[in-house]
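For clarity, chains are labelled A, B and C in written order, and residue numbers in each chain start from 1.
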Amino acid sequence: MKKSLIALAALAAAGAASAQSSVTLFGIVDATIAYGRGGGAGAASRWQLSHSGYNSSRLGFRGTEDLGGGMSASFWLEAQLSNDNGTGATTNTNNQSTGAGPTCTVATTTTTTTTAVPPVAGTAITSTSTSTSSCTAAINGAQGLTFSRRSTVSLAGGWGELRLGRDYTPQFWNLTVFDPFGTNGVGTTQTLNSIITGVTAVRASNSIGYFLPGNLGGFYGQAQVYMGENAQTGAATEDDGKGWGARVGYASGPFNVALALSRTKYASGRVQQNNIGGQWDFGVAKLQAHYSWDKNGATRGRGFLIGGLVPVGPGEIRAAYSQYRTDLPATSVDPRARKFALGYVHNLSKRTALYATWARVRNNNGSSQVLNGGVSPTANQSSSGIDLGIRHSF
Amino acid sequence: MKKSLIALAALAAAGAASAQSSVTLFGIVDATIAYGRGGGAGAASRWQLSHSGYNSSRLGFRGTEDLGGGMSASFWLEAQLSNDNGTGATTNTNNQSTGAGPTCTVATTTTTTTTAVPPVAGTAITSTSTSTSSCTAAINGAQGLTFSRRSTVSLAGGWGELRLGRDYTPQFWNLTVFDPFGTNGVGTTQTLNSIITGVTAVRASNSIGYFLPGNLGGFYGQAQVYMGENAQTGAATEDDGKGWGARVGYASGPFNVALALSRTKYASGRVQQNNIGGQWDFGVAKLQAHYSWDKNGATRGRGFLIGGLVPVGPGEIRAAYSQYRTDLPATSVDPRARKFALGYVHNLSKRTALYATWARVRNNNGSSQVLNGGVSPTANQSSSGIDLGIRHSF
Amino acid sequence: MKKSLIALAALAAAGAASAQSSVTLFGIVDATIAYGRGGGAGAASRWQLSHSGYNSSRLGFRGTEDLGGGMSASFWLEAQLSNDNGTGATTNTNNQSTGAGPTCTVATTTTTTTTAVPPVAGTAITSTSTSTSSCTAAINGAQGLTFSRRSTVSLAGGWGELRLGRDYTPQFWNLTVFDPFGTNGVGTTQTLNSIITGVTAVRASNSIGYFLPGNLGGFYGQAQVYMGENAQTGAATEDDGKGWGARVGYASGPFNVALALSRTKYASGRVQQNNIGGQWDFGVAKLQAHYSWDKNGATRGRGFLIGGLVPVGPGEIRAAYSQYRTDLPATSVDPRARKFALGYVHNLSKRTALYATWARVRNNNGSSQVLNGGVSPTANQSSSGIDLGIRHSF
C-alpha cells in the first residue's frame, strides 16, 4: 500500500522500464478524534483532533538502485506528520537532550550601584542585587518537516545490509512488533511509556547499522552503533549519546521470537534497555507478549505486555494488558502503571481503515500517567481515553 | 494544471493503469518584484522580491483512493512556500495565539541583599529590586515547510464528504472567491485585511468538516467545527479556539451567490465573522461583490468589495474597490481603510502567467494600512504599491 | 543521475507522453564517517556520522514547461538535507545577518525602590540597580526542510534565461567548479572557508538573475542583482544586503576559464568577492586552479587553489593545495591557512560512489582553522581530518 507512486528511472526518457531502480513517494495520513480524562479531585478532560491513532502519520521518499552482482544501494527519507495542524516534528541530532527541539540561552548582567553615606563613621551600607534569567523556547506552529522517522543510505548484498544515518534502534522493535497496538494511539504499551529508557529508546541519529541477510532459515538480526559526536576532550560527558544495540530473532510459520539488548553512555548514568518478545499466530487469533528490563543510572524498570489480535471479517479486534514498574533507588515505593486497552479496526480497503480504541491506565505508588491529554491533579489516579479515527496510506 | 505529475499506483509494478487511485505532486511558484511606499512626513518606500503576488506559492501532495460503491478516501497535504528565500511558513496548532510561531519564555530570579545599618535606632533602610524579563522569538531563515495551507484526510460518498485536519474555514471562501484579486498580492481585498477577524479568519486546525455532495442542482454547502484542545478545567479560557463555520450557496450558469457565518470562542471576546458574496458573468466581464460584518468582543467591523474581471485576448484585466470600517466601542471615531486596485494578467499558457498590479489605500480616523512594506510614520496616510511578477504552476 | 523520477504531465490522464513538460523529484543522500583532530596542548578529536562529504545532500523538485516558440518556464526547489539526523538547514531571508536562523530578544525591566532614611539631614542614600539580558536561540533538532539551496522560477528563450528567487551567486561558481573537491567535505578549498566573504558568498535570496543563452560559441555568462529589502528610511543600513555579481567564461574542448566579480552593501563595510578560475583536461588528468581577491570593509583577503583529478578505472584520485591569507588593517600579522587534501572516489554506478578523503590544514599568524570538528585550544595549530563515505543520488 506504500507503493502507490512508483516513477521509474528512464521510463520517460528512454521508454524502457527499469524495475530495479525506482523512487517511491509514500505516506500515511491518520486522523483521530481523541478524548482523554484524568482522575481525582479537580480532574479535567480534553477533546482533540489528533493524529497517528492507529499508524504513525508520515510522508516519505525512498528508492533502490540495482548495482549488479546482487548488490544494491538505497535511500529512505521519512518525515513525521501532525496532520491535525500541518506541522512536522523535531528530531534529535546528537542522541543527547541538547540535540532535541529549539533552545534559548539568556545571559543576564546586573549592575548595582550603591551610594552609601556612612551613618556611623567607618561602617558602610552595602546593597547587592543578583538577577538570574533562564529561558525556554517552544516551536509551536513553526515546526517544519524533518526526516525524524528515518533518514538513511544503505549498501546491501548477499552479506546483508550496511545502513548509515538516523534509524530505529534495535531495542525498539520488540516493543512495537509484539504490541497489538503497534505503539500508536491511546492503547500504546506501557513498556514504551517508561521515562527511564531515554533518548535512544526508539531511534538514534548518527548510527551505523548492520542487518543480517534474509535467507538464514528464519533467523534474523541487526546490530547498530551510534555516536554522540562530542569532542574527546577528556570531560566526563565526552561519550554522552554514544551507544549500541543488537537484536536477534527467529521466525517460522506462526511463530516469531526476538531478543534485544542495548547500552547508551551518559555521564549522568548509563542507560540500558533490554527486552524479549514473541507471538504465535493461531489463525483465529494472534497472541503477543513481551517483557522488558531497563536501567538508567541507579534506577531500574521492568515491564511486560500480553495481548492479541482477533480477525473479524474485514476487521480486527485488538486487546492488550501492559504494566511498567519503576524501581527508584532511594525508596521502596516503586511507581507502577497498568493499562488495559481494547480496540477494533475496520478495513475499508488495504489502504484505508476506520478504528476505535478505548484504554484505561491505573497508577500506584506515585505514578501519574494520563491518557490523551486528560489532567489528573495528583498522582495515583486512573485515567481513560478514546480514539476514533481514520487511517489512509499511500 | 496541477495534475502534471500523476504517478499511478501499480503502473510500474503490474503494467496496469488504475486511474482511480493516484498520488499527485502539485505546486505553484509565484515570484513578484514588489514595491510599496507610505505617506506623510518621514514616509519610506521598499523594494522586495516577494512571492504569491497572483496565486499563493505552494508545494503539495494529494491523492484519492476508490473504495468501491461510490465511496472514496483521499488526502491533501499542501505547504506554503516563500520562494523568494526558500523558507516555508508557520501554521497554528490550536486556533489560539499560543499556537502560532515560536515562543520563548524567560524566568527571572532577582535576589537583593541589603545590609542596612540603622541611622536611627529601630529604623531600617530597605532596598527592593524587581527585575522582569520577557522575550520574543523569531524563526527568520530557519522556518521549515509545514502543511499550513491544508493537511486533511477525507472519506467521501454520495452523501458528501467528511474531512478531518487543518483546512480553510467556511467564513473565508466568500472573501477570496468573490475578490478579483483572489486575496493575493497588493490588490487583496480590505475585507480580509481586517484585524478583528482573528486566528480562524482563513484556516483552522483540528477541524471536522462536512461538504454537501455536488449533485444538488446548483446548491452547495459546508459546515465545520474546530477545537481549541484545551483541558476542560473550568477556566474561563477552556474553550478558547473552539468554534464553527457554515457556508451555503447557489450557482447556476453565470450566477453564483453564497452566505457564510461563523463563531469562535475566546475568553477575551467571542469572534464572529459573517459575509455574503456573489458574481455574475456577463461574458465580456465578470462582476463580483461581497459584504462582510464581523465582531470581536465589543468591537464591530463592516466591509465590502465591488470589482470585476475583463477578459482581453490571452489575458485579463482585474479591478476592485474595497473598504473596511472598524467600529471601536469606546469612541465614535471609526478607523476606515479604502483601497482601489487595478491589474493585468497575461497568460503565456494555462500554467504560466505574467502579471502587474497597482493599488492605493487611503486611511482615515486612525487607520494605518500600508502596502508592500512601505512605511507611514503616522496614521491616516495613503500608501501605494506595485506587483510585477510571474506565476508558474505544476 | 538526477533524472530518475520523471513523471510526465498528462501521461496518465490522456495516455500521451509530453516530454517537454515534466516534474522531476531528485536528490542526493551522502553519508560520511568523519574524523577530525586539532593540535597543540589540550587538543581534542571528534568522531561523527556526517553528511555531504562528497556531494551536498539534498532533496528537490524541479520542472520545465514548453511555452512554444522557443520559450519555456521552469521552477526549481532544492532543500539541503542533514541525513545523519534528519534535519533540514536554515536559509537567509534578507542577505543580512538578521535573516539567518532563529533569534530571540529579551526585554528586561528593572525596578529599584529605595527607602532611605537620611543619616545626615539633606543627604540621600541612593541605590541603583541595572539588569540587562540578552538571549541566543538555537533550533537544534527542530530545523525543518527549507529550500535554502535553490528556490527559483525562470523564463527562458533564445535570448537567455531570467531567474527569480534564491539562487547561487555568480561569485561562488569559480570556487566550486575549479575545486577538485567541489567545496564539499574535509578537502574543501580554503578560498571558500574565508570568513570575510560574508552572507552572499555562496547564495543570495531575493535575486533577479540573467543567464546568457548556451549557443555563443563557448562563451557563457550570468549577472545577478539581489535585494536586502530594507525600508528606504535614509538610515545608514537601508541598503544592507543589496548587491550584485557577474561571471563570464569561455569553455572549449578541454579548456575552461571564468572570471567573477561582486559587491554587496553593508553600512559596516562593503563586501567585495572576486575570483578567476580555470581547468585543462589532459585526459590522463584534469588540472584545476583558481585565485580569489576579496575585501570586507577595510579587511582584505587573498587565496588560491591548485589541484587536479586523475581518472583510475571506475574511480578518480583527487588532490588539491589551497591557501587563504587575511590582511587585517590594523596589524602587519596576516592570518594564513594552508590546506593539502588527497582523496579517492570509487564509482559503483553513475549514481552511487564510495569515497575517502584525507586533509591537513596548517595555521599561521593567528589563524585557527580546524577540520571535521577537531578542537585546537590555541591558534596557529595544525589540524587534520578524514572522510569515509557513500554518496547515492536519485
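Note that in this section a contact is a pair of C-beta atoms (placed from the backbone, for glycine too) under 8 Å apart; a residue touches a chain by one contact, two chains touch by 3 or more.
Since the structure is predicted, the reported quantities are computational estimates derived from the model, not experimental observations.
Trainee: Are the chains arranged, by touching, as a line, ring, star, complete graph, or other?
Mentor: Shape of the chain contacts: complete, all pairs touching.
Trainee: Copies chain A and chain B touch; is their interface built from the same residue numbers (over half shared) or different ones?
Mentor: Here the answer is different, because the shared fraction of interface numbers falls below one half.
Trainee: So the centre of each chain is just the mean of its C-alpha atoms; given that, what is the distance between chain A and chain B in Å?
Mentor: Centre separation, chain A to chain B: 34 Å.
Trainee: Identify all positions of chain C at which a residue touches two or more other chains, and write them in rising order.
Mentor: 7, 11, 22, 25, 88, 102, 104, 106, 108, 110, 112, 118-119, 125, 127, 129, 131, 133, 135, 137, 139, 143-146
Trainee: Residue numbers of chain A touching chain C in their complex, please.
Mentor: Interface residues on chain A, with respect to chain C: 7, 9-13, 21-23, 25, 61, 63, 65, 67-68, 71, 73-75, 77, 79, 88, 90-94, 98-119, 125, 127, 129, 131, 133, 135, 137, 139, 143-153, 155, 164-166, 205-208, 226-227, 229-234.
Trainee: Residues of chain B touching chain C in their complex?
Mentor: Those in contact with chain C are residues 3-8, 11, 17, 19, 22, 25, 27, 29-31, 33, 42, 44-49, 59, 81-88, 102, 104, 106, 108, 110, 112, 114, 119-120, 123, 125-146, 348-349, 351-352, 373-375, 390, 392, 394.
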